[in-house]
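What follows are several structures.
Same chain, two partners: subunit A is paired with subunit B first, then with subunit C.
And then the complex of A and B:
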């Protein structure tokens, strides 16, 4: 709610910008580089496009439960309202069947629809602009081979004035730079991460208008009541303690000795990273592990010993069965907590939410068993959740800011429908 | 004897089929696709509200049950009495619920006298048996000299309960005194030692008394610690006092 209000204020503020700045955006159709030399679709181009659709996790947003693949209709909760993903099958009426490869390039590279209207940046064109023209054409060639599906997603639920697509121009002026000469980047890993992979969509902190914070790429994001961990060289909150093969193993199988994939990342692993080539996974791992951490280290006050004692009592009684008294757990089955990035994340949302609601490890072909953690929200009150979260964030060498009971109460209202049930007045 | 391989194969094949059928069905149950996990989902027990008054017992029934509990488990140096541990409240809530109704039991006739090797044989579900038997006990005692059970001295109460347990008290055709005492004794023990979330075993007192560590999932760190005292205090499903910062 606060963010929505802020967004309105921000929209009003930037509306006052001189029209000159807004007009700096390149005219959509003026700067389209030529399409790939071949006009006929090559099988190899379709195969490349199919793989690029995996890299880009297109299905993560363009599939809805029970719907045809790529037909859209998945509601995407944003801080400003709900946006429904569109149908990108080649249906002429409801999909992109009437689009040309140039139209597709304009969408990918400039965030503009075939009819000239602005796309909302829920479609991550600030990332896709890094894709090359050949990649855009291959992706388009692949999408053309899909069976056309006649399906029109529900209209977006955005409040006025955000439902005026033209205002995206203001956002673009502030946050978006279409690159007429797309970079392939110095490394394959950077090209994937900054481009089609759009990792920063979740893992980069956002401005009040939901744009990536410049200079803070991959330092950890806050999205849909989850804290996405940092994907950088930080040893505590990032991937500094992981090797490249370990990053690749996590993305391929959903687990490694450090962590189990779950929550929003589960979809990404299923649709995208588990199907990537080993070479690409290694390239991504190399890039992320070397990505510098710029977040200012904040000196957090040490936790209250009384809170730590309560947290330890809860941990030993409730958590140690799987995570073990020393926190070392059973790596690749139950994730260890010492050194864990999710545990020590500056934003404690994910660790609180795991305790409140439980979580389930993603099932992949390599690791088909969806191990799960039960919900503790029904038996632990807000202060108890805060105590045990503070304990795991500050034990066994871990260090992270304390968790407050009010933060737990706030998240509980959003994600856990059941109120805490006070088990007994006598204990 | 004529050799007939076809018949033998057919028999073997049928046998294999019979074995395979249950295997395929259990294999299907074990695949991940069928296991549904949902956030915030737990099969949590319904906690007893200790502040509320009795919901099943009448005032007369509560007076008898409290007095009987105090004699079956009296307070001593090792632990509190059944009343102090909250057992009457536990009994009240159990009798008000599915247990009291015999909801999961076969409760149709014929009803006969328990041969001693059978399970529960009463025509009444547990809640009904408490009601009928306590009424009959009250009637029985009022025939003697009028003083109800809970107003008698402890020695007289003990003597009466012993007679009841031995089948020496005739409660009439409707209530079997020995059967009722057997049920009451069983229920008092259940309340005294069950998890505090259900109303008895208040402050984990019974578990502290016998050194039971409670609702813990994993004892591996302590199994091989021979000769060392077990370090952990009892914990209930709802926790223990150390879970909260005293303030």
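And then the complex of A and C:
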């Protein structure tokens, strides 16, 4: 469960490029704006950088289990292969200790490494380009204060020709334009969501080359066998029914009366949103709730009454203990299903996967209990999972496309229906 | 040669209720704590998921949650002139194993002892005179009073989210609660569970007879609850699988559902599972515990030094570890001297079935502590003059869930197998209920624990030997309770009743309760107790022994509430005084 990366190709500064390829590349640097007012590393700048590292969820990708913070090495599964996050501690040999603030700005703003090589967009520079120079410098100043860790992540596992970094230039030409004048306006919420927060990395649908689909921002993503829900004003599949304080509560504590945070969002909550200021959380909530939904409403055929009857029988036997017969469950403990965005998402992947594999509510300082849903994949066959998923998606006022047994079978093969991992006792 | 680890502030041996409570309290005070548990890590979603938690065959009949007796068991006999034999299967009590201990498979019955229960010797002497306590009855006063324990009972009840109705708030009797209970400072954190039909009928009948019925206080959450540590419990679903099972719905209070989510996040806390402590190590002069030695899961011997050693295993294991470590003088029933193994006690139960023709009772609806109870005959709530016994117990109708393999009550005269038996079950299953009694067991000179001279465990260590039988006091008391239960059962208006009194010697086979007590009891005198009132060893002041191990005798109530209250009481003293007084005795002799 820990830190599976949903992003179109994860999010990481990528290193370990064969030297000969680097040599073939032109140094692709644009104009570097002047560094922020002071080049001295001031405590206030470091403090700001520490907070920006939280906003950007750097540790979500740059920590590996058992490794030192920011030292990288986390495998990031992408549709094209596995990319390992790099070491961003100030170690000169294996980290970014030899980088300057300008080098760092180029990485953040243009997706270009200190040696001039292109970074894979697993590192979300299409978002980070919206960070200001002052923010980039603060983040860099903070990273410079970390203890240097000598650690070199494993080489990426990308097939030819994707292992040729130069090809990223083509991707950039198609999908990326560095923000010519990043500012902190127009609103704080937008600046966080579209910038360091890189929410769309998971929550925006992707092209076949894993870039954000233009004009469909935050309409919900399909990543690494999860369907990330829409973060917009849609009342069924988005946040339209949530208040701003409820969005903030979810991001801070990992749950609210509508939903429990789990799966890949759990890491984002632990490393990032639970540590954000209340004002920033409210700003994010305001922005997301107001974000328009451009997705065309699809008229789904109504579910087969026989399937609904079968689904209801399974629901009462297997699900009602926690979610209650009327689906209302125990909000902030066990999530209610009527009106739930994940339940009614156009893409049913997440609801199927929850039933197959179970899931665990994220534990936070405010809400330390990892309330869990067990795996039913060992107990229910594909048709049964499809029936109960269809039932919860079309009961109590819910409406969403039916789920087919073949969709369940396909996902089951992909995720191998592993039960929730038991937390190991620390030794 | 054992691997020696760096020293820690405190090492806990065993990680159930008392271990979790003490670890939480000590880490909160800033101490660095290691807990060593010989069983497995266990948690709700992986080990007792609601997708399979209600598996009667797996969990009860095949004892999945219980101690593996092929690794370690105990020997049992009724009297000293018998030869004790090792148990390959247990029935009367069911020892826990693994994280959460027996507290994972308990019912969630949370009681406070009566103020007079804690003064069992002096109270009975005062009221009934010397003749009331036979020479062989070795009961003692607890060295703590109800008032000492009240805030700690309260803390545990709020930790667990106990569902109930107060009967005595600061001395004012409350309608609907238990009028006999000691005064409590505030109401229970949650309202009582919804009462099913059969316990409701019991309550009506009991009230008509002038008794004082009230809902059983239950650590089965009647609604979603967040405890003072911020840990969340889900609402009980009345699935009927508490007793002998683990809860899949986060509704029954256990270490897992009330403390561990917070404790396991603490960097100052370490839990080592699948590690078995073999010895408490002592300094050369025997006056200081230096730590413990344990075997890890690969069988490697490891020494964990510690400033403080706290035994927090089940009572039988606490006592055995003291005996194996040579700490304290073993009790000798011939002389009545010695303190380790002394005053082992238990519980005595009986029941009365009520068969109806016209009432569908849906007995499969249940929760561990769901029921209507009376305490009119508990402790010294009634006049014992001329009855020939002291002590008492509760009578009640508890609906814990009529699990299908286990539950098939049939009227007297029904064959024990065959077509007529099946017909009777089909006829009576939905229309039968049971009134139960749960009585005290007083300490007796001949009831004790020691090391078995013959039988050894998988590691070659002597097994614990239990020598125990009911005495006349228990039988008279239990028969009296059974008669009172029968009166109410008859008044419930069924077709017939069937009383099941407890007859003869104690028998390890039929299930009663896992309420073993004593063996390293608390007291005011080092000659007759192992610990002082703070559960601190008289002989080794940096050794504490938690649990029902400390009970001088067992009252008519389930022990867990008092076990927890004593643990909090000891933790308070450790934090506020012991740590500041550089490991000195908290009570001077």
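To be clear about the criterion, the second predicted complex is superposed on the first by the 385 of 427 C-alpha atoms of A that agree within 3 Å, B and C clash if a C-alpha of one lies under 4 Å from a C-alpha of the other, contacts with A are read in each partner's own complex, and residues count from 1 in each chain.
Here, contacts are C-beta pairs under 8 Å (C-beta built on N, C-alpha and C of every residue); 3 or more make two chains touch, one makes a residue touch a chain.
Values in this document were obtained by computation on a predicted structure and should not be read as measured data.
*Asks:* I'd like to know which partner A:368 touches here: subunit B for first, subunit C for second, both or neither.
*Replies:* So A:368 meets both subunit B and subunit C here.
*Asks:* Count the residues of subunit A touched by subunit B and by subunit C, then name the partner with the higher count.
*Replies:* Counted on subunit A, the partner with more touching residues turns out to be B.
*Asks:* Just to be sure I read the superposition right, which of the two partners does A:415 touch: subunit B = first, subunit C = second, or both, or neither?
*Replies:* The first partner, subunit B, only.
*Asks:* Pick one for A:379: touches subunit B only (first), subunit C only (second), both, or neither.
*Replies:* both
*Asks:* In the overlay, answer first, second, both or neither for which of subunit B and subunit C A:321 touches.
*Replies:* both
*Asks:* Given the touch rule stated above, what does A:334 touch, subunit B (first), subunit C (second), both, or neither?
*Replies:* So A:334 only meets subunit C here.
*Asks:* Touching A:360 in the superposition: subunit B (first), subunit C (second), both, neither?
*Replies:* both
*Asks:* Would you mind listing the overlap between the subunit B footprint and the subunit C footprint on subunit A?
*Replies:* In subunit A, residues 321-322, 358, 360, 363, 368-370, 372, 374-375, 379, 421-427 are touched by subunit B and also by subunit C.
*Asks:* If you look only at subunit A, which of its residues touch subunit B in the complex?
*Replies:* Result: residues 304, 306-307, 309-310, 313-314, 316-317, 320-322, 324-325, 356-360, 363, 368-370, 372, 374-375, 377-381, 383-384, 387, 415-418, 421-427 of subunit A touch subunit B.
*Asks:* Contact residues on subunit B for subunit A in the complex?
*Replies:* So the residues of subunit B touching subunit A come out as 32, 35, 37, 39-42, 44, 47-51, 86, 196-197, 199, 202-204, 215-218, 221, 232, 235-247.
*Asks:* Show which residues of subunit A lie in contact with subunit C when the two form their complex.
*Replies:* These residues of subunit A touch subunit C: 318, 321-322, 330, 332-334, 358, 360, 363, 366-376, 379, 419-427.
*Asks:* Name, in rising order, each residue of subunit C that touches subunit A in their complex.
*Replies:* For this pair, the touching residues of subunit C are 41, 43-47, 49-52, 99, 224, 229-235, 237, 239, 248-250, 261-262, 264-265, 270-273.
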